[in-house]
Every structure is written in C-alpha cells, then in structure tokens.
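Shared between the two complexes below is chain A, which has chain B as its partner in the first and chain C in the second.
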Partner chain A sequence: MEKKVTVKTRRAAIVGGNRIPFARSNGKYSHASNQDMLTAAIDGLVARFGLQGEQVGEVAAGAVLKHSRDFNLTRESVLGSTLAPTTPAYDVQQACGTGLETAILVANKIALGQIDSAIAGGVDTTSDAPIAVNEGLREVLLDVNRAKSVPDRLKALTGLRPNQLVPTIPQNSEPRTGLSMGEHQAITTQEWGISREAQDELAAASHRHLAAAYDRGFFDDLVTPFLGLTRDQNLRPDTTVEKLSKLAPVFGTRLPGGVEGATMTAANSTPLTDGASVVLLASDEWAAEHKLPVLAHFVDGETAAVDYVHGDRKADGLLMAPVYAVPRLLARNGLTLQDFDFYEIHEAFASTVLTTLKAWEDAEFCKQYLGLDAPLGSIDRAKLNVNGSSLAAGHPFAATGGRIVASLAKMIHENGGGRGLISICAAGGQGVVAILEA
Partner chain B sequence: MSDRYLNLVNSPLGSAVATRVGLPKPAVLRRYKSGDPILPGPVLIGATTGRVKASLIKLVTAAGADVRAAETEGDRWGALIFDATAVATPADLAGIREFFSGRLRSLLPSGRVLVLGRAADGADITVDATRQALDGIVRSLAKELQRGSTANLLLVEDEASLGSALRFFLSGKSAYVDGQPLVLGAGVAPAPKDWDQPLAGKTALVTGAARGIGAAIAAVLARDGARVIVADLQQAGEALAKVANRIGGTALHLDVAAPTAPEKLLTYLQAQTDGLDILVHNAGITRDKLLANMKPEQWDSVIAVNLQSQLSINAALLGSSLLRDQGRVVCLSSTTGFSGNRGQTNYGATKSGVIGLVRSSAAAFAAHGDSTINAVAPGFIDTEMTAKMPLATREVARRLSSLQQAGLPIDVAEAISWLASPGAGGVNGQTLRVCGQNLVGA
Partner chain C sequence: MPALTQPPALGSLYAKAGLFGQLHRGSTLPDSVYTLADQSIDPSHLLAYQKVCGFRVTDVLPPTYLHMLAFPLSVALMTERAFPFPLIGLVHVANTITVARPVLMSETVSLRVNAENLREHPAGRQLDLVASATVDGEVVWSSRSAYLRRGGSPKSSGAPKSSGAPKRASAAPVVGPASLVKVPDDIGRRYGAVSGDRNPIHLYGVTAKLFGFPSAIAHGMWLKARTLAALEGRLAESFTVDVAFKTPVLLPSTIAIAAAATDDGWALDVRSAKNGKPHLTGTVSR
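Let's look at the complex of A and B:
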C-alpha cells in the first residue's frame, strides 16, 4: 500500500530573547569579536531560560561584517557556549535584514514540525572589523602561490607595488552605486520632502522612549550586560529636539539645495554600533514542557527588493523595499495597516521611517507602485517604536532583527495580547517584514 | 583570596617558628567533600544519666559515624558527644567535666564536641539555671579547643531534626560553626531519599547571587540537588549569567528593593516554576558612615535592600500559593547584628532586624504548610569585599575568632543548605552564626 506523508503546520512561539547592550563603534567592545559577542548573547539566553546542556533544534545567526575565518561563526559560537555541543547551527547573511530573516527561517521550520526549538539572532562589530589585503596585493600573492618553480615565483613577485600595502577597509557603501547608505537615503529624503524637524522629533522620541523603557525595567529580562556596559552606549536620555536641531547635516550636502537643504545629521541617522542579539523560538509544546512562557507567536514574514540601481529616484530608494513588502504581507493575511497594536519600524535613519509612512499615505504612489486602489493610510503614531528603536539603541546590523523580535513579543505579552508589525530595511535595496501576534 | 599566614603556619618551618614565638596557629579546617567519611575518627558518647539512649546511638550511627561502646588505651576521637538533656541541678554539671577532661587531648584535628541540652523553659528556677549553664560551658570549651575542632550545643526540644542536625554538625559542612547553641524543635522533617542530594526536586531562589557568598550558596544548593534560580540586579547580569551557567541554574534580573519586586517575583514564579521550595534572602549592601555623618540615602538604601525587601517578599509569598508546603526561607543576618560595628548603624539595624524578623515570622511560616524561616549570621568571611580591606586590618580581623581564621563563602552556604533541607524542619525562627566563634559578637 502506498504511504502518504501528511504535513501539518503549527505556530512558532517566541519564548524570549537576550541581547548585550549595544556599544558605539570603537567604544566598550572595541576588542570584542563577533564570536565573543554572539557567544555572550547565547550564554545570556541560556542562563535566562536554564538551557545549559540543552540540544536546541538549531541556531541560525549571522553577521554583516565578517572575517573570512568566521565562515562558521554561529556554529563556533554555539560550541563556545553552554548549549549542548550537539546543537546544529548555520550562518545567514542578508545585510541589516539578517536577524529578522533568521527568525523567519527557524519559525518556518518550527511551523513545519522539522524542529521544536531554535535560536535566531545576529551580531556585528564595526570596531573589530575585517581588514582585507589590497586587491592588487591579493592577486600577486595568489599568483605566487600558483607558481610551480622558484623562477616563476620570483617573476610573480615582480608584480608587487608599494601602493598595494594600503589595506582595504570595509565600507558602508553600495558596490553598484558607490554611494554610502546615508547618501542614498538623503536622495530619498529629499525626493519625499521629509523635514529636518520631523526627523529630529523622531530621533528625540527614540531616545526618550528607550530611556523610559530602561527606567521601568522593560529590558530586565531582555538585556544582559557585557564588558561593563549595562545600557546601550548610544542612549542620550536627556536629549531634546532643540539640542538635535543645532547639529550640522552630514548626508545630502552635495545634493541640489546644498548644505542649506540637507537634513540628515549624525543624530537622526544611526551611528555605527557593536552588539549581538538572540531570540528563543519554539513550539508551544516545547515551551510548556520546559515551563517557559510564550510571549507571542510568529505569524508570517515577507521579503522584498527594489531596483535602486536603475529604478525611479523617488519610488525605488535604497531603503524603500519594506514599503513594498508590507502590503504583500497584509494582503496575504487579510489585514489592513491599521490592524496593529504596535509598529516596529527600524530607524536606520529617522527619514527612512518617515518616508515609509509617507509612502503608505500617498494615494498616487500606492496606486502606481503598489497596485492598490486606496493608500494603506496612516498609522497611530503613538503605537510606533514605543520603547525606542535604532536611533537611540544603535544598530549593529545583523543584531537589530533579534532586538526587535524579542522586544515586540514582550510588548505584546505585557499588553495582554495584540498584534505587531516589524519592518526592517537592508542594504542592497532589500526589506524584511514580519507579523507577531498573541 | 588565600590566607597566606594560615598556609605559612601550616608549613614545617612556619609551624616551628609560630610555636616558639607564641603566634596564633590557625588550622586547615576539614571541609565537606562528597564521599568523605563524616568524621576523621570514632565517636564516644556520654550522658548525664550514665546511660546513653539507644535512639541517640542509632542516629549518630545512621549519620555514618563509628560509635564506640567502650574505649581502649590510646583511642583518638573524631567526636565527643555528651547528652546533658537530663541536667537538673548545678551538681549534675560535674558529669560534663568528668566526661570531657580526660578525653579532650585525644580529639583528632577538626574534631567535634557536641553537647545536647534543653532550653530553659521557665518551669523551674534551678533546672533553668543548670540548663543555661551548658551555654557557658560550650562557649568556653569552644575557645579552648585547638587544631580546627569545634564545640556546639544542640538544645533538643524534639528529636524531629536531631538526625539531620547531627549530620551537619559532625561533618565538615559545619567547619566554621563554633561555640553556638541551636534549638531543635518540633516540625515536619522528613529524611531525604538520598542524603547526598537532600534538595533533589526542590526549586530554590537566591538573591544577590552574582558573586561572593550568594554565588557560593547557589552552587551548594545546586550541588545538593536543587534547581536554582539566581537573582541579582540587572547591572550584575554578566556575572550572574556565568553563575547560572556554571551551576545549571536560571538567571533572573531583580532589584529586591524596588517596590515592584514582590509582584515581579510572583509573576516570574507563576510563569516559570511549579512553586518555590527554598528562598535565600542574601542580597545586601553596606553604606558605612558614622551616624553623625550618615546621609539619608545611605541610611535608606541599606534599610530598603537588607531588611524591607525581605519583609515585603516574605509577605507576598505567604499571601500566595507559590511557596510550597515545607518551604524553607533563610535570611542573611551578620554577627554585626549581635555586636554592632562602628560606622554601621544602618547595616547593624538591618542585620539585627533580620534576627527579629525570623523569630517573629516563625509561626506564620509554620502555619504555611509546615514551612520554616531562619537566619544565618556570617562573621568574617573572605570575599571580594574583604580582599579590599587594608592588609593589617584584614589580618587582625582574620585572627579574631576561636578558629583564628576567616571563614569561606562555602561555610555560610553549607549552613544555609542544611537549614533549607527537608530534615531541618524542626529548626524555625532561629539565627545560626557561622563565625568561627568570632570574639566580637559571638
């Protein structure tokens, strides 16, 4: 008789999370490697939930800035942690979307019953960054290596030039345009007419909200101190719109309008940051067996990309992919943009958040580019990034997704239930979005 | 940190010099290791009545000791036990002199002297005066004993916890408990299935567990079989996570002094445990200043952390179903709570306060499913905190006890783990000093 395998699905639960406080680049974590930080984040999670020696279904994490020796970063971190050494692990890399993408990946596996528990996360250091040898030097050295005889080797070595001693330091710029992320966003900001005041207000609110969340103990079971840092180093609890308004713009100064027209400053853009975050996901049964809470469930995720290289200057901005991903996600789940209790829109730049919201309110744009009869509309701004976001906390690229997933799940749990939307933009014109619910 | 002086006088040369010059000679104390015999040698038991009760011999034997019915020339004793529960007149006390005086010199290093008595109860003046006299005998004898031996007084009102108490006081677990009386009362005190894992199946919570004594308590509770939740301030989270991962426990960030702490704790226990069996109130701070110079915040923070937090959390637990039957609460007091200390009016207040807290809470905990509450009062214990003291002060402080050395965090932890064990159910409302018979406040 022919046997048929039936596939049942279930919901993946978010049990909790852990991250280390985020440090400013070349700050407290200058000498900590990605592996050090990811291991610390995992060990903090293990301690919080008593998972010592536990074989978790899998651990998925990644880093954007990665040394070549870290090819197996996540697995190496697991081996250095107190989890069972029999826990499988793999690396994921999708720029700033990495952390959320790992959560989507493991949530799907849990939903399909392939695993019962998993840890998703990410880490990044801009301080302990990889430095590559100069491209010319690299080619010469490889030629030397390939040469079979001594004369051939000596011949290959004649290709050496003094300027090849200058190392290649990783840059925060798009390979296909040569523009930094900030310069890209400056174009989008100008195209959408986002004001300096609105950006500064959003930045000040981020600091205010994050400080208040720390003060009320919101992060007591989300953050474990590391290397003497107990709160995010970038947090300025006493910052005000007035103080922020005095800063000189740093991006967009060469666009039409010049310095006068530029609106993006060091304060309404996220600084380079070091840190790591992880989230524990599981089936409801696994959580119950381990006497662990279920904060929220992972409902669905979606990823989109825009052609920022050749596309429309206004509609296809580098960081606008979430604008396209969200309506697809809403449609699939039969929801409207207003059906949420919390919105977590990653603050890569204050203007990224404001552009995203403005695009959804724009009937013309929604019709032409999203194919919608009516715009998605506005959201209740009181539900946006209520415990602060990347402008205040900082943004270690791959660690942001884990920070948001764990925090949002806890907010929903504290709220006694509800639904939250996550939107994260990423380099390469990509966007990763997701829905959590309880 | 290591006690260099102790190591020196235990070397051949150092020992010879110390003897000639008349310097104190602290001994290396016998401490508990799983699998070790309970005592370094056999036990001799005496009694005021001249006949040792069979039940006592049975309990001491069950504890793993070799009880000798008769003695032969040259016997060396691991412990000398004297049952003085029957003393009624001052003349009866002579029996104690008679039993001990010829035999103390044959007590092995780290030997044990235990006197069993009864607490004065107000029924008869002569009997009470005689019973109280035992206290003076044991305290004085403890000061005479050498080479790490200790003397303690068990006031046996009920035998429920006698077996468990004998195991603690005879073993290396009581290494730094010396010259102390302890009342053994009635209570529910079942023997554990496995004496090496007396806390198996229990859930314990230790506050202030990120370092020092708190971390040692957590480790010993885990060693004894408990599932341990270690709690400390969020700021101490990095060290706390390491403690949790080392002992296979769970880390909880909790500021015990926050007004929301009891509620947070109950919510956590509800969500992530099946109830709590053991709570150790270890979190404590010092803000030393002469009273004349004491600032309000220095006063208030010490009171809030060391005393008020214990009161608030206990009240919340007693009002909930989250403290399971035969629960055990152990609070950290200090010998400062008995003796006072210059510059510590605030700290002294809290540590005395804890002594009162456990005494007055005993009935309420007994009514809560035969639970108990007790305190442990450490004396001078070597920790990160004492390592920062000036050398001379620390060296003098270390010698100011009958055992002429500082205790270790594990000594405090052993006493707490015993009081937290099922077998200690007959001990309630008391404060046990772990101070090596500190000459101050002992």
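Let's look at the complex of A and C:
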C-alpha cells in the first residue's frame, strides 16, 4: 500500500540581514579572501541577532569566482565564525543568482519543516581572484604525477614548454561565446533600442537613492563596517546625469553603429566589486522563541534560462532570463506585475533593467515568447530600486542576492507591510526571481 | 585496387608529392579504390583530436574524426602517377559529411576512398574525393571533399558554369549570436601533429610564405571541426554537415562562429572577428 504523507508547509520568515560595505576591485579589500569576507558577514549577523554559540539549521552560501582550495568555503567560514561549530553548511553556485538561490533553498527547507532557521548568503572577490596554471602546464604536471617510474616521469616532463608559464586568469566572459557580459548586454541593448539617456538616468538615480538611504540610516542595521569601509566604495552621492553623459562607451563599440551608437559606459554598468552578504531566515516560531522580529515572509521563487548561445538575438539575450521567470512566478501566485509595492531589479547594467521593463510592456514579445494574451504592462517607476541598487552599491556577484533580500524585507517592514518582487539575472543565461511579502 | 592493412605514411607520400609532383599526367581520374579494413580507434589519438578541436571528451567519435582517418588514403590516391594534378596546389574548397549514426570509440571501422566527378570550374578544374566508413558492412559515415586545381582549364573562356560542387547555403549573412574563438598561432602545428597533415602552409609563417600565404593558415578540417564543436548538444544523431571553405584563417586570429537555427538544422557562418572576411559557410541538415 502506498504510504500517504501530508506535508504541511509554512512560510519562511526573513529576520534580518548583514553585509559588509562593497569595495571596488583592487580597493580596500584587495587582500581579503572570500572566506575572510564571508566570515566577517556571518559574524556581523551573529552579533546583531545574538546568535553566538547558537546552532543554526544550516548555512548556505557561495562564491562565483572560487579557488579550488575553497571547496568547502561556507563550512570553513562557519567554523571560523562564532556560530556553533555544529552548524552544517554547504556551497551553492549559480553565478550572479547564487545569493538569491541560497535564500530560496533554505526558505524551502524551512517551509517543509526540515529546518527551523538558516543563514543564506554569498561572497565574491575580483581582487583576490584565483589564478590557474596554464592548461598545457597543468596537463604535463598531471601526466608526471600519473607516471609510475622515473623514466616515465622524465618523459612526461619533456612536454614542458616556456609558453606554459603564462598563467590563466579568470575572465568575465561566457565560455561558449567568448563575449564578456557587457558585450552580450550591448547586443541586447541595441536590439531593444535602449537609449543612453535612459541608462544614465537610471544610474544617477541609483547613486542618489543609495546615498539618501545611507543618510537616513537605512543601512545602520544592515551593514557592518569592514577594513575601513563604512559605505559602499563605489557610491558617488554627487553624481548627475550630466556628469555621466560625458563618459565614453565601453561596451558595444564594435557593433553596427560603432562608437557613435554605443550607449553602455563604466557608469551605467556595474563595476567589479568585492563583498559579502548574509540573510537570517527562520520559522515564525523560531523567531518568536528568540525574540527576534519578522520583517517579511518569503513567498515563492522561480528560475528560468534562455538559449543565449544559439537563440534569438533579441528575445534570448544573455541577461533576459528573469523576463521569462517573472510571468511564471506571477501566474503561480495569482498576481499581476502591478500587485507590488517594491521592485528590486538587479542593475547588472542600467540597460538590463530597462530591457526587462520594456520586454514586459511589449505586447508582441509577451505573446510570442511568454505566451501571454496581454503584456505584463508597466510598473510605477517610483517603486523601482528605491534605496539604490547594484550600479551604486556595486555587485560582488554572489553577494547581490543577500543584499537585496535583506534590504527589501526591511523596506516592506518599514512600509508597514506590502509585497516586493526581486529579479536577478545571471551568467549562463539564467535568471532567479522571488516574491517577499508582509 | 589497393586494399591496405595499415594507413599509408603521410610523410613519405608528401615527400613523393614534392619530388615527383610535376609528373602527373592524364585527363581522367584514376579509378582506384583504396580500402583499409577493420581499424580500431586509438583512445589516446581520439583524446588528442577531441582536445585540439574543442570537442568534449566522450566515447562518441566527433563527426569529423573519421575524415582524418581516411585522409591518408585520399593522399595515396592523389599522389598516384595517374592522378591528373600534383597534390601540392590542390585547394580544399568544400566538404560534406554525413553521419548516419553515432560511431563509438569501441567500434571497428573499415574505410574506403575513391575519386570522382572531375569537372570544369570557372577557376580551373574540380574533383571530389569520396570517403566512407562501414561497421559490419553498414555505412555509418561518409564524406565528400571538393578540391580545386586553379588555372589550366581548357574551356575557361566559356560561360561560367555551375561548379557542380555539392550544394550548400548561400553566403547571405547569418543573423544569430556568434561565438568568438581565439585561434592560437600554433594550432596548425598542433592539429598537424594529431592529424598527420603537416602541410607546410599550416606549420610556420616562414614555410607558409614559400607557398604565398602571409602567415601559417589553419587546416580547413580543423575549422570545420571547431565549428561543429560549438554546436555541442545541438546536433541530431544523424545529420549532414555541408561546408564551403572561403578565405583561409591566417594565424593567429579570432574567429566569430555563428549558427542560426533553420527548419531542419543550422546555417553556419564563420568569419574573421576583426574584418568580417568569411572563412566558412554551410549548413547542418537532417
């Protein structure tokens, strides 16, 4: 006889978050490793919520650029933190979607009753990046290692060549296309006709909003200073659209239209950044037992992927997967795009946000590619990235999800309730999206 | 009909081509059929081929792999005294491969090569080298390579005829995303070491200049293989891939491989990433 199991689910609560200020690449955190930063972020969270010596259900985190010695990065960080050393941990990697994906994973475990509390997060350094030995050298060294006799080893060593001394440095490019993320987005930007002005306006607004949020103390219980930084190093409070309009384009200059037609600059694209963020999730009961607040609940999450390698140049852009994930998430939850008080659309590039919004407004695209009778429509732009986003804060790949989840939960709480949508694009043509509510 | 028991040595065939190349006569193709029965696949050779061409390491032979195994038979045929043209100077202009079914590393293949279809071409004369592979008598793979001998066409003053080469897609630009691939300057030497095709035009700038090229050029069949490697996971179990070689890839270089989906496969377009010169066009079809 089939065993019937009725699974009761509950919504995971977001208790709070902590991150270190994000630093520009080769800036203040040049010599800090992923483990250093993730441990600092966890310890800040532990201090904020009085979790010293506490065994949390689990810690899930990850890094996009990770050295092979960091195979157990999160567990090692937990062991070095003030959490109980009996706290289990694991690593997750889904490119820039890593941070939000960890939150989805632990929220689901909490929802199923498998755990009562968890920490989700991510970290990345582009300064202390892993460097690999040249592929030719690696193969020769492995052959030497495999050889069983001295003559065989010597024979294997004859494969050495001077050019193998040049190391391999990780590159921010898609392995299958050889194009950097910026070059991919430049194609999408051009296909969707996103103007330079609109991108610069979004970038300036991001800096303005983030600076205002710092000024009013919004980040006081979300950010812990680290290595001399108290605010995100990339933040330019005094930036203006006029200043941004003077910058030369850096991506898409070789597309049809050339430099004249290129619109993406260093300011309306996120810079390489170092940093870490974590979020504390729990059941309502666990939070109450620990006398901790519930800022918002994790409602649902969805992921999607596009064929940016061989797909349509316009519809399947590298960073367009969230465009596909959101309508599926909305349909499952019986919501429309307008049923939100806050929209957190990760600013990988200003044009990524603008393309996403434009695609949802495009009736033909929504019909042909999303299978919708009517377009998702426009959003109230006053509800978009209201406390700044990645263009101002920076974007340490795996740390962005944790930054957004914690900030959005606090915004909803401050608002006295409401609903927020998170949309994060990721390398490999993937997108991770989620809904928070209180 | 030469029935070989082991592959002919390419080095000595090239030496023969260099020494006696000018002695070729005749206006018709030799009707020789070269066969090489029951060849097992050398795993380390397959591995080296997969790595140099960018294929995944797997038990399934890349679609272009058997072409390389059959190539020495083609060279043996083209260096026969009765072959109408010297080997050196023949240009590989097109290649069509049909994969009837995936062939595994564990299988034993028998190869067969003949030449046919000598024809006029506006730029000279063309012919096809036809190769096939069988497993237990079943044809699992076949290949047709068109070679051009420039000039010397007795009727070149006539109206330009259709080349009669295998049909392929028009050279209309492909609209689709392109993959950028860096082609290092030693790729000719590396592919030459694996394939045995150490034609000097592929090895060094100095040796290529002797034959009128500004630098060493990539092997056409390497380019075709690399293009197919970019379609990893997107090829059917059986298909025909038909390509024309355009301008050579001068080494080193960065190429843009574009593949656009068609009704029954892919339209291929490979160009120089720097100046847009076409290197290869073609189709993959069922």
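Everything that follows uses one rule, which is that the second predicted complex is superposed on the first by the 433 of 438 C-alpha atoms of A that agree within 3 Å, B and C clash if a C-alpha of one lies under 4 Å from a C-alpha of the other, contacts with A are read in each partner's own complex, and residues count from 1 in each chain.
FYI, a contact is a pair of C-beta atoms (placed from the backbone, for glycine too) under 8 Å apart; a residue touches a chain by one contact, two chains touch by 3 or more.
All values derive from a computational prediction rather than experimental measurement.
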item	value
Combined model on chain A where chain B meets chain C, clash or fit	fit
Which of chain B and chain C A:Ala321 touches, first, second, both or neither	neither
More chain A residues in contact - chain B or chain C	B
Which of chain B and chain C A:Val78 touches, first, second, both or neither	neither
Which of chain B and chain C A:Leu295 touches, first, second, both or neither	neither
Which superposed partner A:Ala32 touches (first chain B, second chain C, both, neither)	neither
Contacts of A:Ala63 with chain B and chain C, given as first, second, both or neither	neither
Touching partner for A:Ile187 - first (chain B), second (chain C), both, neither	second
Partner chain in contact with A:Thr177 - chain B first, chain C second, else both or neither	second
Cα-centre angle that chain B and chain C span when viewed from chain A, reported as a multiple of 10 degrees	150
Distance of closest approach, chain C and chain B, by C-alpha atoms in Å	45
Residues of chain A that touch chain C when the two form their complex	176-179, 187, 308-311, 313, 316
Chain A partner contacts - residues on chain B that touch it in the complex	227, 234-238, 240-242, 244-245, 248-255, 258, 260, 264, 271-274
Complex contacts: residues of chain A adjacent to chain B	40, 43-44, 46-50, 52-53, 82, 217, 219-221, 223-228, 230, 291-293
Interfacial residue positions of chain C with respect to chain A in the complex	175-182, 230-231, 234, 254, 259-261, 266
